[in-house]
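Before anything else, here is the set of structures, which you'll find just below.
Each of the next two complexes has chain A plus one more chain, namely chain B in the first and chain C in the second.
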Partner chain A sequence: MTFWRQAREIARKDLRTEIRTGEVFFVTIPFGAVALMLIPLAIGTDAPLLRDVGPGMYWVVILLFGVLVALRQSGVDEGPQLDVLGLLGVDPAARFVGRAGATTLLLLAFELALGPVALALYDPAPKGWGWIAVLIPMVAIGLGLLGTLAATIAASIASSALVPLLVAPLSVPILLAAAQTMEGLALGNTIVGWILLLLIMDLLLAVAGVLSARPLQEASR
Partner chain B sequence: MLESAAAVTLVAALVTALLVGEEQTQGDLARVLFVHVPAAWLAYLAFAITLLGSGLYLWKKDLRWDRLAAGSAEVGVFFTGLTIALGMIWGKSTWGVWWTWDARLVLTAMMFFVYLGYLALRRSIPDPVARARRSAWLGILGTIQIPIVHFSVIWWRTLHQPPTILRPGEMQMDPPFRGALMMALVAFTVVYAAMVRRRMELARLEDAIEEAINAEEREVAGAAVTAPRYEGGLGV
Partner chain C sequence: MTQPLVELQRVGVRMGETPILRGLDLTVSAGEIVGLVGANGSGKTTLLRVIATLLAPTDGRGTILGAPLDGEERFRIRSRIGLIGHTPGLYPNLTLQENTQFVARLVGVPDARVGEVLDRVGLAGARHRRAAQCSHGMQRRAEFARMLLTEPHLVLLDEAHAGLDRHAADLVAYIIAGVRSRGGGAVLVSHEDNRIAPLADRVVELRDGSVAERGPA
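Right, the complex of A and B next:
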């Protein structure tokens, strides 16, 4: 079985498990929507203020709750499963790519589901929909790779709060790029630099994830 | 030896910092910068050494490099905390607030949390080899933050002043102040080296103790084999 076939099968397995459990669709997405509703209750229901902060709040919720997507129980492989995958000759790098691919698709769904909620609640007036269509998958890829990598690094560690602690500060460049791109589009400023930062982050995380897959899998046994 | 050198250079830096005349606009408050700025530089250096130690561990598989990375990260977290605390004291007197939503401040705090996460990860993994291997990757990834923190004052219009010394062109600082700052930098570098060396030694001893405890608890090879028992005796 080729590398890409292995990765595709792993991603398909993860997505099938997600469809059966509905963890992201029936738990994390509603949880994110509740968070978007709670923010105006905390900072006040001043419509112009909410219009201004809406895009930023949307990205913060995507980042913080996106960690839950990367950490979903349906995406966890315990020792015996890893051993079986190893015995079947599954390349750890292919496993990383498959896992990150499935997480990215789920994060994309998460972003697309919460987008209309944020639009309805905060009533922002986003501009440059073409760029936003580029931005949303790039953020999903970055968070998917980072979340998968952090989950691999912290695999089989009892503390469930560790992965969010690892992911949240490291995702600052992604959050900055996303929020600054939206602001740049709204103000008519150039945003190429931010898109480039996002692209560099995605590439760096992909390279780090693939290179570290085998040693990290060996370390978790 | 290194500890003595650290003590001597620290005293020299303190004397130099006190001998420099008052700054025209900020008065004595400006002396905070003789600790704040070197602490920030040492934090960068410490995390760069963590990157180096992590990379060398992955290459050589020698736990000494892992201890260097970990020791340097611990000292780096201390210096980052010191930088933030002193910056807040200076900010309260100058800007009127302890904290402001400035790019440099927020990103420095984030860098602090990245390496706190690194140390938390290390505490969660008892096996030294697994700990070294996993944290090495995080030590490499965490470095992404350093250039972002450093260049934040250039990329964004911030309240924090742009680089005064590490900048193209001439330094924007009078020679006496520059001399005191350089003296403090030398002292802090020696302190950093002494702290990392001591921390590496402690980590080596901790590993040795852990290994000894594990060796005591480990069953001796063949312990599961018991002497054969003959039902009904041997008939003698």
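Right, the complex of A and C next:
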């Protein structure tokens, strides 16, 4: 009970901070939308081509800018705040879960905000809305966990330079599964394998994050 | 015989090749208030972080509230330690009330207590102000409020008097009286002997990472 209460309070604090700073809503989401708009400018007004590449481009933008959501400055606990949390007896795993939960909610908002932009610009005519409703939160969870884990590792070695190197390879299965699910839905192919891959990635990242939370937090002091 | 709250034996801390603490012995008994003085760079803050179990020593051994410094048990006793460090650990974008409430909810203290402790430290009128918009003294008071909520058994104050008016400085005495009445103890760090001597049972001086002198306050 204490674990979940701590995780909930950490998430609540992170979301409240984000509402005050507007880092995701007023910076990352507009930049993500601009990135989606720039691609048609670069490719040209080839409607069939845009329709084909649209879903893939959407997920690439979600991945690249989603990392910025996970690494937002407003979600970082500085040294004195980490000390306070440690001395309050907050379980580092609860902190990881809370922070990843807040990041997942923000990523979900990010995906939902950019969805209509992608639909308007690329006209991809997606099929299988029921599966897409499953896919979107699963990607948000995966990226939320991955970004939070990467941020925790970066804090433990006091270097954010490593974050892209950590995120890039681990995000490939998530990106691949998301893009292939959309393509499978469009072509009427089975997508169960890709959804399973996403599920496995989400579970692996959750386990890795929870198990490594304590040693990484201690290393960051 | 009651076990000491803090018992450090030949404790040393190195940062790379640089020794910060060297062969340091220190004991804080139950109900005892120890003052720790020393020049800048003498190792006071490092020693306080070792006592708070936030920094593992590279040499020596010891126990804090009965838990060995290098064991897993230190994670369990951390919630009984209260530390106010150099830099306030408040979240700048949360109000003073939200910062205090955050701590209250994490430790399972009813929300009603938040208003009481903010009132006690003289922040009732500023409770809706964000921490970033508050002076250093007000942030310190908010940290005292959090300490009143958690009622730690071992209180560690690092330059807690710095930048405080007289009323806020009285809060330090109030907190120390509280921890003493609970059978706990405190370590007060300052580079000014005269600020902590009236509060401490004895004063220890640190010089170049070692205890140079000790005696009654």
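The definition used in the following text is that the second predicted complex is superposed on the first by the 214 of 221 C-alpha atoms of A that agree within 3 Å, B and C clash if a C-alpha of one lies under 4 Å from a C-alpha of the other, contacts with A are read in each partner's own complex, and residues count from 1 in each chain.
We adopt the following convention: a contact is a pair of C-beta atoms (placed from the backbone, for glycine too) under 8 Å apart; a residue touches a chain by one contact, two chains touch by 3 or more.
Values in this document were obtained by computation on a predicted structure and should not be read as measured data.
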item: Chain B versus chain C as contact partner of A:A208, first or second or both or neither; value: first
item: Which superposed partner A:A186 touches (first chain B, second chain C, both, neither); value: neither
item: Chain B versus chain C as contact partner of A:V134, first or second or both or neither; value: neither
item: Which superposed partner A:L119 touches (first chain B, second chain C, both, neither); value: neither
item: A:P169 touches, of chain B and chain C: first, second, both or neither?; value: first
item: Which superposed partner A:I153 touches (first chain B, second chain C, both, neither); value: first
item: Touching partner for A:R5 - first (chain B), second (chain C), both, neither; value: second
item: Partner chain in contact with A:L199 - chain B first, chain C second, else both or neither; value: neither
item: Chain A positions touched by chain B in one structure and by chain C in the second; value: none
item: Complex contacts: residues of chain A adjacent to chain B; value: 149, 153-154, 157-159, 162, 165-166, 168-170, 172-173, 201, 204, 208, 212, 215-216, 218-220
item: For the chain C and chain A complex, residues of the former touching the latter; value: 52, 54-55, 75-76, 78-79, 81-83, 85, 87-91, 93-94, 98, 102-103, 105-108, 130, 146, 150, 152
item: Chain C-facing residues of chain A, complex; value: 2, 5-6, 9, 13, 16-17, 20-21, 74, 78-81, 83-90, 214, 221
item: Residues of chain B that touch chain A when the two form their complex; value: 58, 107, 110-111, 113-114, 116-117, 120-121, 124-125, 129-130, 133-135, 137-138, 140-142, 144-145, 148
